[in-house]
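Can you read through this structure? Questions will come right after.
For reference, chains read A, B and C in written order, and residue numbers begin at 1 within each chain.
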Amino acid sequence: MLSILLILLSTILMPGVIAKTKAILSSRKGASILQPWFDIFRLLKKGSIFADGSTFIFQIAPIIGLSVLIGALLMLPISNVSGALIHFKGDFLLFIYLMGLGKFFLIISALDIGSGFEGMGANREALYGMLVEPAFFMIIATLVLLTGQSSFQSIFGHFNLDIISSVLFAILAFYILLQFAMVEGSRLPVDDPKTHLELTMIHEVMILDNSGFDLALIEIGNKLKMALFATIIANIVLSLVNVPIYLSIIIYIIIAMGFAITVGLAESFKARLKLTYNSQFILTISSISVVIFLMFLILENNL
Amino acid sequence: MITFYILIFAISILYFSISVNIRSYINLLGVQGILLFLIALSGLKDFHIFQLIFVAVETLVFKGIIVPRFLLNVAKKNRVTNIKNFKLRRKMKGFYLILTTVLVYLITLLLGYTLKNDFLNVKYFSTGITAIIMGLLFIIINKNITVHIISFIVIENGVFLMALAIGNEMPMLVNTAVLLDLFVSVLVLGVFFNKLTYQFHDDSSDKLSSLKD
Amino acid sequence: MIYSYLIISLVCIFIILLLNNKKLTHAVVYLFGFFQIYFCYELYTHPERCQNEYFSVDSIGVLFTIILAVLSLVAAVHYQKYETLHKEDIRSVKIHNAVYIGFNAALVGVYLSGHYGLLWAFIEATTLTGATLIYHDRKKIVLEAVWKYVFACSVSITLAFTGILLLSVAAQEIKLSELSFELLAQNAQIMNPVWLKAAFIFILVGFSVKMGVSPMFNVDIDAKDVSPFPIGALFSSVLLNAGFLAIYRFYSIFKDTEMGVWMNHVLVIASVLTLLFASAHLLKAKNYKRLFAYSSMEHSGLVLIAITLGKLGILAAFLHLTFHAVVKSGLFFQIGQVIRLNQGKKEAITGYFYQNPLGGFILLFGSLAIMALPPSGLFISELLIFKSLLLQQNGLIIVLIFSLLSIIFYALLTSVFKLLFYPSTTEKVIVKPKTYWLENLLQLFLLGLSVYFGLFQSQFLIDLIQASL
């Protein structure tokens, strides 16, 4: 229970912190931290418009997109604070595939509209989603390998290697998961959220025709996704230390905000990659995580 | 700790596959030199102290500092910045090279496991062979002579890693690998590369095509 | 004894670098050449004096060292005449002669080393010294060939080192502490063949650049093309022997184990590919130095397939190498004269026989000898090779090799006859041939050697080779 509340808290705070970081780094004062939520409330009050040739898929896709993320939310624990609401063996697979299900429905709803822009966006989203998926899988697979458990709750409870290996693994996992979150959350350098040229968008152009309530659901989903990845990183760090609950809550908040500030920093100092180099960049991230997994495989002398 | 260094060595080969600038190649070469220094220090425990100092100094000073500095000077003199003249489609070159690296690494790991040798340290072995094969691929795909030399040093780094894998029993071999580096790099880089760039004013290997039947 | 040889070579190098007179440097090289002949005599009569923990004297090493001693002296004579005519400056002559002595010393190290790592280090030394020897003129095309030679040799020798590392993994399994040939030969049967197979592939590919066979032959051909002709002659004869020895040491240790059949298959593939490429290039070659360089490649291919054919084949391989070294260097020396008489052009030379009858005779006789026609010793070695091949009854290989050899025969002889006997179509300029009696004498001597040892089966040679079987 407590973990769900904490993740929702970080969902509320994180997008604002990212935007504020970017603003401060460009010598502006920036909007208030809750400004993205004011935008969402404005959208929630409006009605939706559906395109003429679209079918029921276009109407149910945003709902599916948000509900799978809430389902995924229920499966994440926070290491020293509280357990997950739903936990069973192999639930990390369900976690990632729920997110995949949401993405799948968004893609086919974009194709459902029948406009060229959305089709192009669906195309790109599908490719980059496919290329970046091994990154997350391999990091979680390394964790499964190291601890021998296969549920999020038990992985993050049992994580004790010798201190040097775990610190090193935490650094590597942080790097990979940061890149992964920035690709999945449609951030620079793969996808610029501030661009207004449709031919250069990836995620934004896919949801171009969604409006009002549906758009609000999709936006809430995006923010929730970032918070979920921040929680996984916080879990890896928290399972290394053995501290009482209130200290863990404080550490968790610090890590979530630190993650948001890092994303803001990383976005401010990068430019958007040429689209033809995007697939190479994403494949690099996946390959590095595959190599990490293989190396830890040798370390444990398993096969 | 050594596992971590070898892991970063393997990741540096991945970054070699996607580099576009000569400067990034040279920086990666310096990083590999420093990594080999750290691996040599922590891996060769049974060595005589002087041999260890010799190996350590050679990797750190020579491969980590002197060679990249020299190559950077030559690249600046010839105003070479971008690596040009690929043979594959330029835009997809990094993509395929990364796939190849991971595939080669996976295959050598599987080979290492099926052989099940007590004396074979699989992590050194597979990273070394990946470095050798990818170095050869970089030589084939690129047409700049500076990149050829850099890839040759990558091959030598791979050979040095493999020599470290069995180095504790046969110190002569590690010494020979180090001396190979020193002599061949000094002759190849220092003497002939200088003459070549002086005469041809360019480091593209297209200019070297007048010897025919 | 071997240490004193190495020390004397170092001393000679220092002396040459300090001298300032061309004739004196040549004199030092001749002195070193005579010392080498004395050293060979010492090796032949008292081999046990030269054994120590790193070097081992066996009869193959002695044979190759004798060939080296004879040929290097002849090449030094030719080089003196070459640089006199080209009016080289003192600095390049000094460097060339100093590195020449280093090259000889490195080759003797290769022939006599008893330890695989040491063999590899000496071959590395031959790369370095050989590259300096090739870079004699200062033209762009020479620099290009030298760069390619140095680079490809370095990469190949690094691959060969990988092979040696794999061999040492196999050796470590059975707790050997060093890679000396006797220890390996004693323990050959119990080593793990997986490592040995991988090591053999790497070693074959790595040392193929020195021998001039299939995977990496191009740079060797280029090097022989642009180098001064005495160096080209040495590359075709003694360096080829060194590369062969590096591969043969490995092969001879493991040929009786379960790997032997597999190694034979690999060598057959390599040699057929070599012959294929040699025949293709020979049909196209117009430059006469490249013509004889490709002919060397063809003979290396034949030697590679000869060693797979059992004891008779190995005897034939060594005979072939000996005679080939002698005849090919004679041919290279004569081609040098041809080029000199045609104002430094290397192609489109015709009617040489009419210009210089004695040189033409040497060239004619030498090419017939290199194509293994009867009076030469190569006829005997090729006859033995063919006999062993036919006894093996492998039809496809026999057909392939014979057809490729016929193509090579045709290509080589048409080019040589064009060189010798075509009447020149340009205006006949009567050039007074500037040949030196010493050069001609030496070349005749070399050809005569091959004929003599071929016709009168020299007991000395057969004993020497049989001692190693």
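The rule is short, and it goes like this: a contact is a pair of C-beta atoms (placed from the backbone, for glycine too) under 8 Å apart; a residue touches a chain by one contact, two chains touch by 3 or more.
Source: prediction; values computed, not measured.
Ranked by how far their CA centres sit from the centre of chain B, the chains are topped by A. Taking the mean of each chain's C-alpha atoms, the chain whose centre lies closest to the overall C-alpha mean is B. Annotation: 36 Å between the Cα-based centres of chain A and chain B. A separation of 32 Å divides the Cα centre of chain B from that of chain C.
Computed from the mean C-alpha positions, the centre of chain A lies at a distance of 66 Å from the centre of chain C. On the side of chain B, the complex with chain C involves touching residues 115, 117-120, 132, 136, 139, 145, 148, 152, 155-156, 159, 162-163, 166, 169-170, 172-173, 176-177, 179-180, 183-184, 187-188, 192-193, 195-196, 199-200, 208, 210-211, 213. If you check the complex, the residues on chain C that touch chain B are 117, 120-121, 124, 128, 131, 140-141, 143-148, 150-151, 154-155, 157-159, 161-162, 164-165, 168-169, 172-173, 177-178, 192, 194, 222, 225-226, 281, 284-287, 290. The part of chain B that touches chain A in the complex is made up of residues 1, 3-4, 6-7, 10-11, 14-15, 18, 91-92, 94-95, 98-99, 101-102, 105-106, 109, 113, 122-123, 126. Within the complex formed with chain B, the chain A residues making contact are 164-165, 168, 172, 276-277, 279-281, 283-284, 287-288, 290-292, 294-299, 303.
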